[in-house]
Structures are given as structure tokens and as C-alpha cells.
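Paired with chain B in one complex and with chain C in the other, chain A is shared by the two complexes that follow.
Take a look at the complex of A and B:
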């Protein structure tokens, strides 16, 4: 169970703080796969990374992250080290380049485990079982990363990242570089990992909402550094309350509609600058239903069980 | 593997052939010729004498035949291991002269290159993780590497040799000694060796340290380093990986440097009047000594090519990526 309260993280730049993440408050239950969606620069990666790997130019401002009843010292790179991998783990965006090119994969895993005071030989049988599960030959352990295809590297990284059964797994844009059929396989693997209890909670960061529709239990939508809406997947697709979420869902192509006749809709305008964002709701300028109340920041409130939204029109 | 090396070897042979051809051609393109230099040294009194000497020397050095004939003769004698006789140190064979100089180069350059490489890499790696070192000693490295070498060497000679008077500033040993095996001679040799060594070491050390520092910082920012960090690996492991990967280009650099040992260090040897190949080349060129120039450069070519071949082989062992590239090329 992951509880995030008021998490605020800024980027320090020469021109001042970039307010990439403000007052994020949400929970991810055990066994829940939560999708974290939003456009580029909305702060979704900042949110994901700040839970495991908060380092400059990211600046911790305030907030708490509690995992299984224990507070994570996310502001302290050194103290956080103990929690990484065992409790919180990451499948990075750059999975294709995540393995040291000059070490055999098995050796790298062994050295990594030994550096965390664990015995490779004891874990090896489980490692092999998991390689079988993702349909990788055991020979992978005797190979260098360059001898593997992109998809194989991705699967290897997925196995390595979840090897110690972390409570929370953060999967950052893991499907971006893959073709559609591989995307599906990778997504199914994440569900499988959850079902088998390799990981308890999962956060999938992506800009591709259609992926989330297939595998996520809930979706958290972010806009310009603030949380817009969180709800079970069905609710987000059927009954979204935040205008941004509605327009985001509305911009997805639908099966059976011929877009020669009907134009695919987008959201006019672009997100605000986060260096000095306008006060109040940050979606205000692009929002078709904005009114004077929107100059105040809308709180992220639970309007029905499990459905949170930050919009004055929704309460 | 054997196919890869076979192809490499072929390329090296071709390079050798071309480089040696250029080596043969270039001195002959200089204005004037060595015979004139030799004749003027003897100071003949009348034109007949000049004519006589000229014919005699041309015959001895086989320069009286057409160029293409000279070229073929040159290759023939190279394969016999005969590099001809020097016109400058006539009648000493070129090979003997080079043999007498090479030990001094090895004595000077081998320790300078190896020690500076070792110390520079370790220091650079250290500077990459200690901010204060990075801000204090490394700029010194930049200054050392950027200083015109002759000036630095002269400064050292002036400060430690003339002002402090600790070290002699010229020659490989005192003029009143003959090379022989005795404690006194070795001591004297080391004393003369120190200043040229130090000047080379300082300059090369800065270069290695800067290179290593930049490479390490690059590797520490690489994706695999970040992934390890995200998985909570201790800094020690991440640095070890970064160091190993950053070392690869430095190995290339080292091998190339080692290949130039036989070339000597021209500036050092001129400043400190050190009797190595560098000094020899300068004299040979000044006197248009075709055969000595050819001989010196032949050794340099061999040295550089051998060093490159060794790197190629070493890389196959150290870096799996080259190994794969090999099979990829063959397929």
C-alpha cells in the first residue's frame, strides 16, 4: 500500500524553480495497477522518479511517501538506497540501455545482488524460473547486453527489476519504444507479475491511455504538475468528471468511426509554463467550462468512492 | 576471429607499404641532396675535385641510378635488413646508429608514458568524484597540458637545473664518463634522466587526468549507471563499472603513445640535448641524410602499426562490443 501526501517536487534552474509537481496526494492499494497518464511535461515522470530516485536538479519541497506503513526518506539519496530494489523498484524508460555493456548479464546481476549483501547462488533458481516465465533462455545470463534484441533486453530488465519482490514497482514509459504486439506482451507481463505476487502495487507511467485501458485497475491523470483526476479505469473512460480527462478520452480514436467524415478531436492550446504558472487551476486557459472560481486552486476531493477529482465544476 | 585478424593484417601490410614508400620519397623531394652536404664538409679546392668526389659518393650510395631503380633497390635492402649507411656519420651503418639511440628513448619514454597513464587515470577518476580536487588540481592539469612544451621544459631546466642546481641540464650522462656498468655511471645516468622525464610526465599526466575525468563523468551519467543507482547499488559498484568502461578509450591512447616511443620525443631531446631518436631525426633532416631519415621513420612506422595491431587484439578481449561487431561484419 502506497500513500503519497502533499508531495511537492520542484526543479531548480538558473531562472528559478520549475513547479513540476505540486501537492500530489493519492494512494495505491496492494495489488493495484495504477496508470499515471498525462502529456509530456505534466510531471508524471517527476512523480514516479521522486518516489525512488530523487536527485538534483529535482528538489524535494514537502510531502510524505509512506509504503507499507513505513515512511520513505525520499529526500535523502543515501538513506533511500536501502529501500530501493527491495521495497521500491523501477523499470526505466531507457530499458534498452540499462545494462552495463561490458558485463555479462548474469555477472552484473550477481555483482548487484552481492553489493546489496545477497547471495546470487541462492537467488539463481528463482531468477531462472522468472526467465522461463518471460520466455528468455537461461543463456541470457552468459551473454552481453549487445547480444540481445531490444525486446529481450526489455524483458531482462523487467525480470531484474522485480527479482526481489518489491512492494512497489514503477514502470516508466516502458512501452514507448515497442511495436504494438510487443507492447501487449509487455503489459501482460506486468499483470502476470502482479498476479503471481512478484510485486504488490504497480505504477505505470505512460502518455498512451489506450494501454492503460487494457491493464490498469485505476488511472491517475495529471496536468501541468497537478493531479486532475483519479478513478477506476472504467470510471475514467465512462464517467470522467474533469474537463481535461474528458477531452483527453475524447481525443482517442474510436473503433468503427471513420475519421474521413468526422475530424479527430484534440485539445486546443498548450499547457502553461511551469516556471511561473498562473494561479488557480492550471487547465483554466484551455478549459471550455472555466468560470471565476477557477482562479483558486481546486482541491483534489473524493466525489464518490475511489473517484478523486480537482475541478470546481465537479463537486 | 582469424578472419577478422587476417583482414586487419592485410590492411596493416598495405599501410606499411604505403607509409614506407612515402618515407622513401619525402627526403628525396627536399631541395638539395646529401652529397652536396658531404662534399662541402670536406672543403674541396677546385671544380675537378668536386666532380670527382661527387661521382665517388653517388656510386657508393647508389644514387647514380634512376629513381625507380633506387626505389626497387631500397625495398630489396629493407628485406635484407640493410638500411644503408648514414651520410652524416659516414661510414657508420644506419642500423647501428639507431640501435645506439633507441635505449635512451625507451629509458625516457617508457616510464614517462606508463607512470603518467597510471597516475593520470587514477587521479582523473578521483577528481571526478571529489569536487575540491576537480576545482583545484584539475585546472593545473589544463595549464600543464596547454603550456607550450618547450617553454615548460626550459622553465624546469632553468628552475631545477640552473637556479637550484640539483640536476644537470644536458646530455644523458656526464661528458667525462663513458657508458659502462658501474654504480657511479647509473647514478649519473639517472640524474641526467630526471629532468626530461619529469617534464614529459607532467605534460602527459595532465592529458590523461583530464581525459579520464571527463570520461568517468560521462559514464556516471550513462543509463546503466542510473539504473544501478535506481536499484540501490552502492557507489563503489557504479564507480567500478564506470571506471572500467571509461578506461577503454584510454587504452587506445596508451597503445598509440607506446607506439611512438621509438620516435623519441623531439622537443624534449632537443631541449635537454638527450641522445635519442628524436635528436637523431633533427640532425638527419638538417644534413639531408636520406638513409638515416628513412631508417628512423621506418622504425616509427613499425612501432605505430604494431601498437595499433596490439590494440585491435586487446580490444577484442576487453570490449564485447567489438567481438560482436566482428561476427556482424563477417556475416
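Take a look at the complex of A and C:
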């Protein structure tokens, strides 16, 4: 189980701090697949990365991250080494294009395990079992990354990053560069890995909310560095309480909706600058129901079991 | 208005152009007046190549593209200029379409110098402001700014406004939504619908099925450079005839229906080398028969206006 309390991370720039993530507090239960959704620049990647790989220009300001009862020293890059890969695994965006092109896949995995003082040959049987599971031939271990298609590379990356059964997997935009048919296969793998206990908790970072509707148990919506709402997936779609969540869901084109019949509407305006943002709720300039109270930051409160929201209108 | 007849594009690759890549093969379709046609395909399907061919950014290998009856590859430079008055493109990455050293409204001045050199400054700036209002921008907010001071959605509207300054009849919109955020993309989509109401035809190139459904009258499904299926949007989506379209419709993540449980990993390894003689989809097709690997299916009209290239139908 992952508990994040008051996590605040800023980016240091010459003109001051960019307040990319402020006072994030949430939990991800064992067996939960949590989707982390929001628009570009909302801080979702910052949140995902700060749990495992908090490096400059990211600056740790405050907060705690507790995984299975043990606090992670996220502010210390060196001490995090023993947790990375074994306990927390990250699949960064574009990971499938970052495989070392001069190494065969098998050799690359061997080197990775060596760096964790583990033996490739001992792990090999399990590795092969998992390749079978995701319908990859064992031959990929003898291939170079260039010989694999996008979907095969992404599946390989997923097998490698979950090989040591981490407690938490953070997957950043792993489906965005894939075609719809391979996208579906990769998503189903995430569910399968959870069901088989290869990973306990999963955080999927994506801008594609329709993917989350398919596989996530819960969805956390972020806006401009603040958490807006977290709830079970169905609740986010049917009974969202934050105006941003409601408008975001309402703006999504769905198969079956044509503009002649139902004209969807976007959200007017744009997010605030995070270098010296205005006080209070950061959505208030674009919010149709904003009122004078919104100059104070609304707390992220649980309004019904498992449903958290940060909006003065929702309590 | 625009018609493609057996259009083929072969790229030459490798050190001496020895390798060939067939990006588009024997593609024929038409776009009518005031029609939004979406061209849907996955990566490598040739959808962007078709857009570039229509805009004459790359030469055809064979076949003809006609605009209002004129063969565009036979146009001389004067004809071509006239063609570009009527046909314009907007592309995926709005930031890449602007030179970051110059202010964004330079693109309007370039249109002025090239197409309307005699128009006076006042009349021109009224025309520019009119075009900006037509795409939902407030001129004082966006003029005289550098590209990095504007959002992706604003820049994308700028490019549409630039096209509106001309006597545009057909807009080729190549993935213009995919780099935009969810909350702004639907506004750009609605803008396209409004432009159609003003008499424009649009070729909407996308990989996103739900966007294609929302906006288009007709849909063309491409697979590896060939048209797999083509017809009125609702029929293609709700009653697909080609197995490839069926697979697409099943796999697209929807908001009203969850995926079915069964895991069907596509056979993709052999897709790259699939049969030269037969159907390009035969290697992945669950319904493939003997004939599919021997002979290529022609695009046939299965019901009025609804075409499919599949032996099973």
C-alpha cells in the first residue's frame, strides 16, 4: 500500500520556484490500479517521478511517501537506489524507445540484474515464463531493440520492469505511442500483472481518460499542480463533484456522439502559470461556479468513502 | 470536388534508393462540396502521405488527383498558386509550423505579400481580424506575440485563420487535434464543423476513432496503404464490414462500454512481410480464407455508398 502525505515538489528555475506539485495526499491500496489523469503541465508526471526518482531540477519541499509501512527516502537519490526496481518500478514515457540499441535484450536484462547484484541465470526461468504470458517468443532475448515492433518493445519493457515483483509500478504514458490494437493488449497486461500479484499497486499516468475507464479501479484527477478529485472509476464518470472533472469528462468525444446531435463543449481559458500562481483554487478563473471562498485553497476531503474532492462547492 | 484515382506512392529508401516502400497503393475516393471526410488509419497506414499528395508536397508515383476537374500534377506554377488559394493544409504539431524567432502573425503577412500584394494595410488588417474572429480568437489577445506566448490550441487556430484568408474550398487537417489538451481539442473540432457550415470541405486525417465519428460525414479506413472500407460514418462504425474495421471498433477504448474480457493479442510479427499477392490484412485476419493470400480483393460497393475490400463479403 502506498501512502503519500503532503507531498510538495517544486522546480527550481532562475526566476524562482515553479510550483508543480502542492500538498498531494492520497493512498493507493494493494491490488489497486489508480489512473492519474490531467492535461499537459498539470504535474502528473512530476508526481509519478518524485515518488521514485526525484532529481534536479525537481526540488523536494515537504511531505512523506510510505510504501508498505516503510518511509521512502525520496529526497535522497543514493538511498533510493535500494528501493528502485525492487520495490518501486517506473516505466518512463518513451521507455520503449530508450532501450540501448547496441545491446541484445537478454544482455541488457543481465546487466540490469547485475547492477542490482542478482544473477541472470537464476531469474531466467521466471523471465521466460513471463515472456510466454505476454505472448512474446523467447527469441526476443537474442534480438536487438530495432528488430521489435512498438507493441513488442512496450511488452518487453513491462516484463523487465516488473521482473522483481515490485510493490508499486508507475507507468507513465505507456500506451500513447501505440496503435489501438496493441494499446489494448498492453492495458490488459497491466491488469493481468496485478491479478497474478507481480505488482501490488499500479499508478497509470495518462492523458487518455478512455483508457482509464477500461482498466483503472480509481482515478485521480490533477489540475495545475493540485489534486482535484479521486474516486472509484465509475464515480468519476457518473458522479464527479469537482467542476473541472465534470467539464473534462463532458468534453470527451465518444464513439456514438456526433456534433450534429450533441455539441460538446471545451473548457474556456487556460491553466495559470505555476511560477507564482494566484492563491486559492487554481481552477477558479475557468470555473463557472467559482465564488469568493475560492481564494482559499480548498482542502482535499473525503466526502463519501473513497471519494475525495478539493472544491468548496462539493462539501 | 476533389477526386483521387488509383493513387499510388512508392518511397525509395536505402543507400541508392534500391529499397521500395509502398506507402499508398491504388487509392481512389472523392470529397464532395461541404463534406467532412475522415481518413482513419494506424501508424504506417499512409494517411499522412495521402494528405501530402493532395497538397502536392510530394510527387505521385502513379494515378491522378483532380481538383474541380484539373489534374493537379500537371499544373504549372500559376495554376498551382491558384490551387493553393483554394486548398490548404494544417498539420499535427502547431509549434513546428511557426518559426520561433519571428512573431506568430508573420504567417499572415506572408500570405499578404504572396497572394494579395496590392491590398492596402487597413483593409488587410480588417481581413485578418475577421479571420481570427471566425476561428474564435480575440485579435488583440493574440496579435503581435511570439509563438511561445500562445497555447497549442491558439496556434492551431492561427493556422486555420491563415487558410481562411485565402478563398479556401478544401482544408486538409492532418492530426490537428492530437497534440492539444482534452479541454481545448473539442473546441477546435467544433470549429471545423462551423467552417463546413460556411461552405468548406475538410479532409480530416486522424488515428482517433472517436474524433472521426464526432465530426465526419464519411469515413475511410486505411490499412497499410489500401482502403479497407469506406462509407457513411455511422454505417462504417456501427456495422463494419471489414474484419480490420471490426477489430478496430472492438479495441478502441470507449466511454460507454468496457472491453470484453478475452485477451486477443494481435499477430503482428508477420504483418511486416505479409503476402505480396493477396490481401494486406490476410496475415492478421481471423477470417482469412485461401483466396485471401492469393488474390487481392478489390474495393466493392456492398450497399449504397458503403464500400469494402474483403473476399468474405
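Worth a mention:
In this text, the second predicted complex is superposed on the first by the 312 of 315 C-alpha atoms of A that agree within 3 Å, B and C clash if a C-alpha of one lies under 4 Å from a C-alpha of the other, contacts with A are read in each partner's own complex, and residues count from 1 in each chain.
To be clear about the criterion, a residue touches a chain if its C-beta (ideal position, glycine included) is under 8 Å from a C-beta of that chain, and two chains touch if they have at least 3 such contacts.
Since this is a predicted model, take the numbers as computed values, not measurements.
Partners chain B and chain C, brought together by superposition on chain A, fit side by side with no clash.
When the shared chain is aligned, chain C comes close enough to touch A:180, but chain B does not. Residue contacts after overlaying the shared chain place A:277 against neither chain B nor chain C. Superposition on the shared chain A places chain B and chain C such that, viewed from the Cα centre of chain A, they span 70 degrees in steps of 10. Applying the stated contact rule after C-alpha superposition, one finds that A:99 touches chain B and leaves chain C untouched. With both structures placed on the common chain, the touch criterion links A:264 to chain C but leaves chain B unconnected. Contact with chain C, but none with chain B, is seen for A:251 once the two complexes are overlaid on the shared chain. For chain A, the partner that touches more of its residues is C, with chain B and chain C as the two candidates. In the superposed model, A:188 makes contact with chain C only, not with chain B.
Our summary of the superposed model lists a minimum C-alpha distance of 5 Å between chain B and chain C. In the three-chain superposition model, chain A touches chain B and chain C at no common residue.
Chain contact summary for the complex, chain A toward chain B: residues 52-53, 80-86, 89-90, 92, 94, 97-103, 111-112, 115-116, 144, 146-147, 157, 160-161. The touching residues of chain A, when paired with chain C in their complex, are 39-40, 134-135, 149-152, 179-185, 187-188, 192, 207-211, 213-214, 237, 247-248, 251-259, 263-267, 270. Interface residues of chain B facing chain A in the complex, by the touch rule stated above, are 222-224, 226-234, 236-237, 241, 244-245, 248, 318-321, 324.
Of all residues in chain C, those touching chain A in their complex are 42-43, 151, 181-187, 189-190, 193, 207, 209-211, 213-215, 233-234, 237, 247-249, 251-256, 258-259, 263-266, 268-269, 272.
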